[in-house]
Amino acid sequence: MLLEELEELEELKLTCSKDLPDTVRLNGISFSRDNFIVMAGPCAVESYEVTYNIARNLRRFGVKIFRAGAYKPRTSPYSFQGLKEEGLEILKEIKKKSGLHIITEVMEISDIEKVCEAADILQIGSRNMQNFPLLREVGRLNFPVLLKRGAGSTIMELLGACEYIVKEGNEKVILCERGIRTFENLTRNTLDISAIPLLKSMTRLPVVVDPSHACGRSHLVPSLSLAAIAAGSDGLLIEVHSEPSGARSDPNQSLNLCDFEKLMDKLKILAKSLGKKI
Amino acid sequence: MLLEELEELEELKLTCSKDLPDTVRLNGISFSRDNFIVMAGPCAVESYEVTYNIARNLRRFGVKIFRAGAYKPRTSPYSFQGLKEEGLEILKEIKKKSGLHIITEVMEISDIEKVCEAADILQIGSRNMQNFPLLREVGRLNFPVLLKRGAGSTIMELLGACEYIVKEGNEKVILCERGIRTFENLTRNTLDISAIPLLKSMTRLPVVVDPSHACGRSHLVPSLSLAAIAAGSDGLLIEVHSEPSGARSDPNQSLNLCDFEKLMDKLKILAKSLGKKI
Amino acid sequence: MLLEELEELEELKLTCSKDLPDTVRLNGISFSRDNFIVMAGPCAVESYEVTYNIARNLRRFGVKIFRAGAYKPRTSPYSFQGLKEEGLEILKEIKKKSGLHIITEVMEISDIEKVCEAADILQIGSRNMQNFPLLREVGRLNFPVLLKRGAGSTIMELLGACEYIVKEGNEKVILCERGIRTFENLTRNTLDISAIPLLKSMTRLPVVVDPSHACGRSHLVPSLSLAAIAAGSDGLLIEVHSEPSGARSDPNQSLNLCDFEKLMDKLKILAKSLGKKI
Amino acid sequence: MLLEELEELEELKLTCSKDLPDTVRLNGISFSRDNFIVMAGPCAVESYEVTYNIARNLRRFGVKIFRAGAYKPRTSPYSFQGLKEEGLEILKEIKKKSGLHIITEVMEISDIEKVCEAADILQIGSRNMQNFPLLREVGRLNFPVLLKRGAGSTIMELLGACEYIVKEGNEKVILCERGIRTFENLTRNTLDISAIPLLKSMTRLPVVVDPSHACGRSHLVPSLSLAAIAAGSDGLLIEVHSEPSGARSDPNQSLNLCDFEKLMDKLKILAKSLGKKI
């Protein structure tokens, strides 16, 4: 990016950088500076039995928001694309049975309505961070939106994308750092941990971290999660599966239930010493 | 990107890597190994007078395809977003008057039909390279599509994206390298010149280069254009404006008419020595 | 980096990845899994008065190792290059007066002997990570060496560089992550926080973090420091100056004494909850 | 890199950016705007027989400068490190027998004298681009130096490094672009083709390209070579081996003699149409 482009962006008087409430509320859960919200679940919605079993266990460990994709954007059209409507039905059922809130991805304007029926938070994935028509459309809702940073996008571009939503009236935006593309190839992406304090200094919106996509290796996820809370993030979006090696996507980056439980224990200790509630 | 991801992609038997015709034809123009097609024009459609004046001159220099955006994806929602429908009407008028073919960007499924009425080639911009619903939809047309590589996307991902289009039946895809994100900051992006021979060795589709977005500086555009033809590309997508400093977007990267004319002369000399028709 | 290069490196049976003691000791200070060592001080040695004043205060805050460069590698030959021998004399004086240990950079084989007289730990800077003759030479010493990762170097390359030292017999190596080059330009580099758990899983050597060079902005340093300890690092190398705006190099990334004191308090709280001594 | 760093560098009044002669001469060979100099040879000096056989053939194809490393900087200390003094002796013998000029790498101050006895051009490798003591030392010679850009270094840093040489009085510097580190992993590095016109606009020094290290794949080398001459470079540094698969280093990126001969033919055609002598 050239100097002049950056300066141009810095001059933008972004609404998202100043006037927004720093709390995003949904039915009794608040993303705010005093809380630390762990969103966990499998990459994709799988069968009801498998998915519900994961959800039930996560609830037991203290998780309040369940993540799982019904629509999966994949590099190749021949990879598993998600259960789609069937996946949304499974999520509704899990929500009813478990009492967990649901976060799930929406990829297309024409799906927004049905995804909203199953979800408590809409996720805009990293590949769609600059899908401006989609951003504008979710901007017209009064519904929490988690906006993931694109793997090849700068922080200024993330704020620009956020502004597309906020400008339409929806101020319930949660920003998510999920790793950026670099030359390092022992990890899937490089978690830009600096993005947390930077975004916190440039906007009042909640900032969460997806350590699973950031590194792509489950054995690194706990360290990145602890780093995220210490650096000031307001929550996590983690992939957890009851049997990672059998997961229909991203098997290498999902924690198993046992390792996730251990991580939750460590997060609780750290949260306490940082003055945050988990 | 991790080793295992890459290997997985390499194992994909992509249709786009084997069976496609290596020529994309539109009303008498062929993108093929013997031709070199220069697509030129302003970043955005502006007033009819300004835009037509540019088109008229480009035609004079031997250009056969005119580029200009009616819909402009911009980092900030407060930047100029294009003239939209009004821009499409201007493009139709220019097409009629000048006899030039038109390439212009489509950002949204609901716009495809009206953009097709004005365009001879649909452009999918770099921000939408992995907008899979949009790719699938243009895949159902029998209409030439130019697919730009995302600035943060690998070559394997570009081929995966291409496959979303081809899988639906539309084989008229032109691939476009337009620079990738790197740490170098004297240029807007870094033109990945290796992408040309790599894509040529992995697929039979035409490969063109956008030197304007690649470097973001007009004084570098001629050198990159000459490099592109020498490296084996099948064409260029260049920004040209009658008065670059007054352009409504990307003023620093547009060639003026005079410098473009000089570049065309050099391209013709090089094309001849390389056995290509321009 | 190509697949085959990476595989080749992975096949290397690096000594540094297995057999080394996980503790580096110097006169009563141990870099080890139970400790967290904060090394702090100005970028460069300045006048005795200024430098000693910083050292004295840092000692008061609990710092045991003082950092300051007598030899400064700079991008331009016209920038301040350090006080050299005079700087080493000042460091010796400070060591004597304050009882602090000293870490300082060596850039050249012919300087090793005199730098060793002033230092307790030799620093190999990021620009010299692959200066193999220099690495071999410090490998022949029985003297602690802190090896910084190059800003454009992979983790495998850092391990390869480390092996040059270890192979010669010196096993007292401390690895230092200090940020890598990426496209993000709101920070000087991007701290690769994943490098900490990765290096910890691939070698038994101590791993520390330089948050100051990683981000280049003092207001981000505290968050990165807390992230580093949470992610499992064994220490920090931080730039602190009594009057950052007057520092002879890197004024934007130095903490002032007051902010550093606050950071130490937070680090102590976190260290305690993580079971580490500071 | 931060804005303020870049601005600081831009303000530097680099000698290398203005006052230098644009021609580097050695015994009848001139690097200049009218010539295109192809330097070719194996990655490393091997046995006299193998190496001389390659040299003899290259001479036949019109090459005037032979490249081969006696000292090889390698990521791992267990990889082949070059034949060292023995290699220099072989180079001297080849020079005498073939009449070819020699370019070879120097890694260490204490080797400069003996390398100068065998070489006509000293090569500073990419890992040593910021080895400032080495740069200063070759700056004190009156001897041509080819300075390679570091794989993780910006263009401004390359100019800063160049200035370390020029400042000491040696103005015979040839700059070499050899690919930079990016996220793309189908190639070893990404050739920054824009660096050619950029360096040409910022300095009067000759600029050459190393396409072999840039891509790491021999089948891409011809396209990159043609791109380099078209973009305005003054020469090439290419790896060629009589039996690439048996080369002691970099087997995947060396052209065989037959493919190199074909490339020379194409380069000659292009050079002619660009008004350059080869």
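In this document, chain identifiers A, B, C and D correspond to the written order of the chains, with residue numbering beginning at 1 in each.
Basically, a contact is a pair of C-beta atoms (placed from the backbone, for glycine too) under 8 Å apart; a residue touches a chain by one contact, two chains touch by 3 or more.
These numbers were taken from a predicted model, which means no experiment stands behind them.
Legend: contact pairs of A-C compared by residue number with A-D, B-D or C-D; the interface matching in over half of them is B-D. Ranking A-B and B-D by contacting C-beta pairs places B-D first. Remark: chain B and chain C have CA centroids separated by 47 Å (rounded to whole angstrom).
Chain centres here are Cα averages; for chain B and chain D they lie 34 Å apart.
In chain C, the residues that reach two or more other chains under the touch definition are 1, 3, 6, 152, 156, 180-183, 185-187. The touching residues of chain C, counted against chain D in their complex, run 1-5, 9, 12, 14, 73-78, 107-110, 127-128, 130-133, 150-153, 156-157, 160-161, 163-164, 167, 180-181, 185-188, 216-217, 252. On the side of chain B, the complex with chain C involves touching residues 3, 6-7, 152, 181-183, 185. By the touch rule above, chain D contacts chain B in their complex via residues 1, 6, 152, 154-156, 180-187, 190-198, 201, 214-215, 219-220, 222-224, 226-232, 269-270, 272-274.
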